[in-house]
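Report on the following structure.
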Amino acid sequence: MTALARLYVGWARIAILEQFQYRVANYFYMIGMVAEPVIYLVVWSTVARQSGGSVGGFAPADLAAYYIVWTLVRNMNIVLTPFAWEQRIKEGELSAELLRPVHPIHRDLAYFGGWKFVVIIMWLPIAVVLTLVFRPALDPTWLEIGFFSIALWGGFFVRFFALWALGLVTLWTTRVSALFNLYFTAELLLSGRLVPLSLMPGWAQSLANFLPFQWAFQFPIEVLIGRRTTSEIWFGLGMQVLWTVVALGLTALLWKRGTRRFAAVGG
Amino acid sequence: MAAIRVDSLTKTYRVPVRASGLRASLRSLIHRRHRDIRAVDEISFSIEAGEVVGFLGPNGAGKTTTLKMLSGLLYPDGGVVEVLGHTPSERRREFLSRITLVMGNRNQLNWDLPAMDSFELNKSIYRLDTAAFEAARDEFIELLDLGGLVDKPVRNLSLGERMKVEVAGALLHRPEVLFLDEPTIGLDVTAQRKLRQFVAEYSRRQGATVMLTSHYMADVVALANRVIVIHHGTLLYDGDLAGLSQQFAGHKTITVTMPAPPPDLTRYGKEIARDVDKVTFEVPRSETSRLAARLLADFEISDLTIEDPPIEEVIERVFESEVGGDEETA
Amino acid sequence: MNLFRLAWAHLKVGSMNEAQYRVNFFIQIFQSALALGTGLIGLWLVFNQTSDLAGWSAPELLAVMGVHIIMGGVIQTIIQPNMARLMGDVHRGTLDYALTKPADSQLLVSIREVHIWSLVDVVTGIVLLGVAVTKMTRGVGWIDSLGFAAALVLGAVMIYCFWLILTTTAFRVVRVENILELFQGIYQAGRWPVGIYPLWMRGSLTFLIPVAFAVTVPAESLTSRLSTGTFMVAVVFTAALVVVTRIVWRIGLRYYSGASS
């Protein structure tokens, strides 16, 4: 067990060093990515002001809080894209990985986990600027910050394993772009990324409750901006655990079946 | 007027210098240190129309830099360069229409389409009229034995076939000056030979001037009647191949074949190779005929060959003669 | 003029290149459909809560979206592919080939690649625009239409200039994928009329990254909002950008060729 832990630390360290090297690229990416929530924020604030000060229970300052925390949560839940598997198979990396004594998921988890530390540090100045510009209604208690820290990583794990499992579909067929794009569109609408779910129609909100998306996105955000009661927070953390376990199970199943098929069919 | 004229041509690169380690990398953030590398150091030569010249030198000697200055891709830092009466770096249309550049490991034909489609593109770029274009195209297809290759996507061709269509495409506008940078690199022997034959034939028919860099001596020996040797940016030799051996290799080799196993012949000269029935001597040039005569007189000889040392060896010696400077070249 | 003949020759070859990958056509259609659906849902969510956004009615916002998609299609078809190739050429040393051809190098590097499947977006946008125009209470007159077409062309030219300047100056520092992500993120701001953004953002979206000129201004013309003043600014700014782009390109080339002066 300690050998594995040491591997994790090693990989995470490499990730931190590498991503710090690529800090310019990282910053370009983060700035471009900040554009998305800022656009949503401005649009919905305009709607709110025109609708008597609030929309869906959100005043402009609340929307600002939502979308600013959004930027951190979004950065935290960026994980291995399912599209990466096509390249892994084509370039023979998968075959190389299969020959190693360690399951490849460990390296991905360790690498992305380590990368997140760089991301958090780089995000701080961006958050300061956004706060100065948009003046969010953000005043979390220490308890909320504590819960938020856990929920933030919980969201990372949920999405990491979910997308890892999704990517494994590539082991069966390489014509996966339609499926992945469909998944991402559904996620965009039902996770709280486009808008807080309270602004979606009722049937959409009910549908979202059966899907893992919101636990990686809206839930951590709302913990920090104070829109969840303590019992709701415990429930949410439980859902994160649940969905992580489900995704893990799916991953294990798909991996076993998929690699067997892959080995039979050839790379 | 010479087709290519180069006079005291110089090109210097400024390269940042940094030692390894954390302290050095921090220091370099504040104080950037540079080193000037003279990639080309006042070289001069002149090439007449129709000449085929081999441009030799080890990696980093300044060959590609010189070629780039001749084709207008780089600005010289000093000296004069003139090709077909033009200053290359001005990149005038009339100049560019009369030259061509082919780089061995870099393709310019469209990867996914048949070469023919890229040829049509070149026709448009060089503003060739249809008759001239088709004549050149058909001539090259025949000379290079391209057949159906031009209709297959370039990515489906073998390396040798790819190079053939690349060269064909590069010559459609019948340039008068060809700059070939390692054109045969990575090709098998047959492909190399075919390409050489083509270049030689094109140059002969067209009266074109060819400047060719290569690491394969076979290219130079087969194509070039003149070699220019460059190392550390300076011109070491400019003349024909035979003269190269004469100037830098002060010896020749004599190989004798005897019907009976040869005895110990070390008192005759320096033996460098011995086989069942053959012995090879290395002998100073001035001693060649004397040793040959002695061997013929003293032994029953079934075969005797006098040769210059292999050209690769000569070149190596030329390069080695410039000692203590390899770290500086880029 | 030879310029057009050259451009046409490259367009043909570029299209032939892409046409081989027919599966990309279907992938593109699916992706465009998803993007369109998402955009429409976003619009619908907004209009569930309010009847207009900053003075723009639903059909008018639909028109903005249509222009956004059209322009996006143009960018993906002809601008981005060439910039990506330019960067790739610089990194691999194959730019030399473009520079030893007897044709204007800026022209050559700008028209070599054509990603024809992105024309699906242009068609989608036009259809959407048509639907929006029929639903608008105010009709669209001749002058508005001409202004729209002119503004669209000017906007496309501005985006091209922006991209070329960025690629030429930044190629040593970043890879094209980073610029692409940054641009695509910021371009999304054009889905909504630029007037809703705070002043400092509006400025950046107008003169720094000309999204406003590419999308909002043509849409303004179509919805009879465009003032002659704004249009003249667009004309002058485009002319200035074209000149600056040319200068930057020449300087970039001299730098690439190691000119010391």
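Each chain gets a letter, A, B and C, in the order it is written, and its residues are counted from 1.
Methods note: contacts are C-beta pairs under 8 Å (C-beta built on N, C-alpha and C of every residue); 3 or more make two chains touch, one makes a residue touch a chain.
Bear in mind that the values here come from a model prediction, so they are computed numbers and not experimental data.
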- Message: Quick check on the contact graph: shortest path length from chain A to chain B, in steps?
- Response: 2
- Query: What chain is most central when centres are computed from CA atoms?
  - Reply: C
- Message: Taking each chain's centre as the mean of its CA atoms, which one is most distant from chain A?
- Response: B
- With chain centres taken as the means of their Cα atoms, state the distance from chain A to chain B in Å. 56
- Note on the structure: chain B to chain C, mean C-alpha position gap in Å, rounds to 46
- Query: How many angstrom lie between the CA centroids of chain A and chain C, rounded to a whole number?
  - Reply: 30
- Which residues of chain A touch chain C in the complex? 24-25, 28-29, 31-36, 38-39, 42-44, 46-47, 50-51, 55-56, 133, 177-178, 181-182, 185, 188-189, 194-195, 199-201
- chain B residues touching chain C in their complex are 11, 13, 68, 71-75, 77, 89, 91, 93-97, 99-101, 103, 106-108, 110, 112-113, 117-118, 120-121, 124-127
- Query: For the complex, which residues does chain C have touching chain B?
  - Reply: 2, 5-6, 9-10, 13, 16-17, 20, 92-94, 96-97, 99-103, 108, 254, 257-260
- Mind listing the chain C positions that touch chain A in their complex? 27, 30-31, 34, 37-38, 41-42, 45-46, 48-50, 52-54, 173-175, 178-179, 181-186, 188-189, 191-192, 196-198, 201
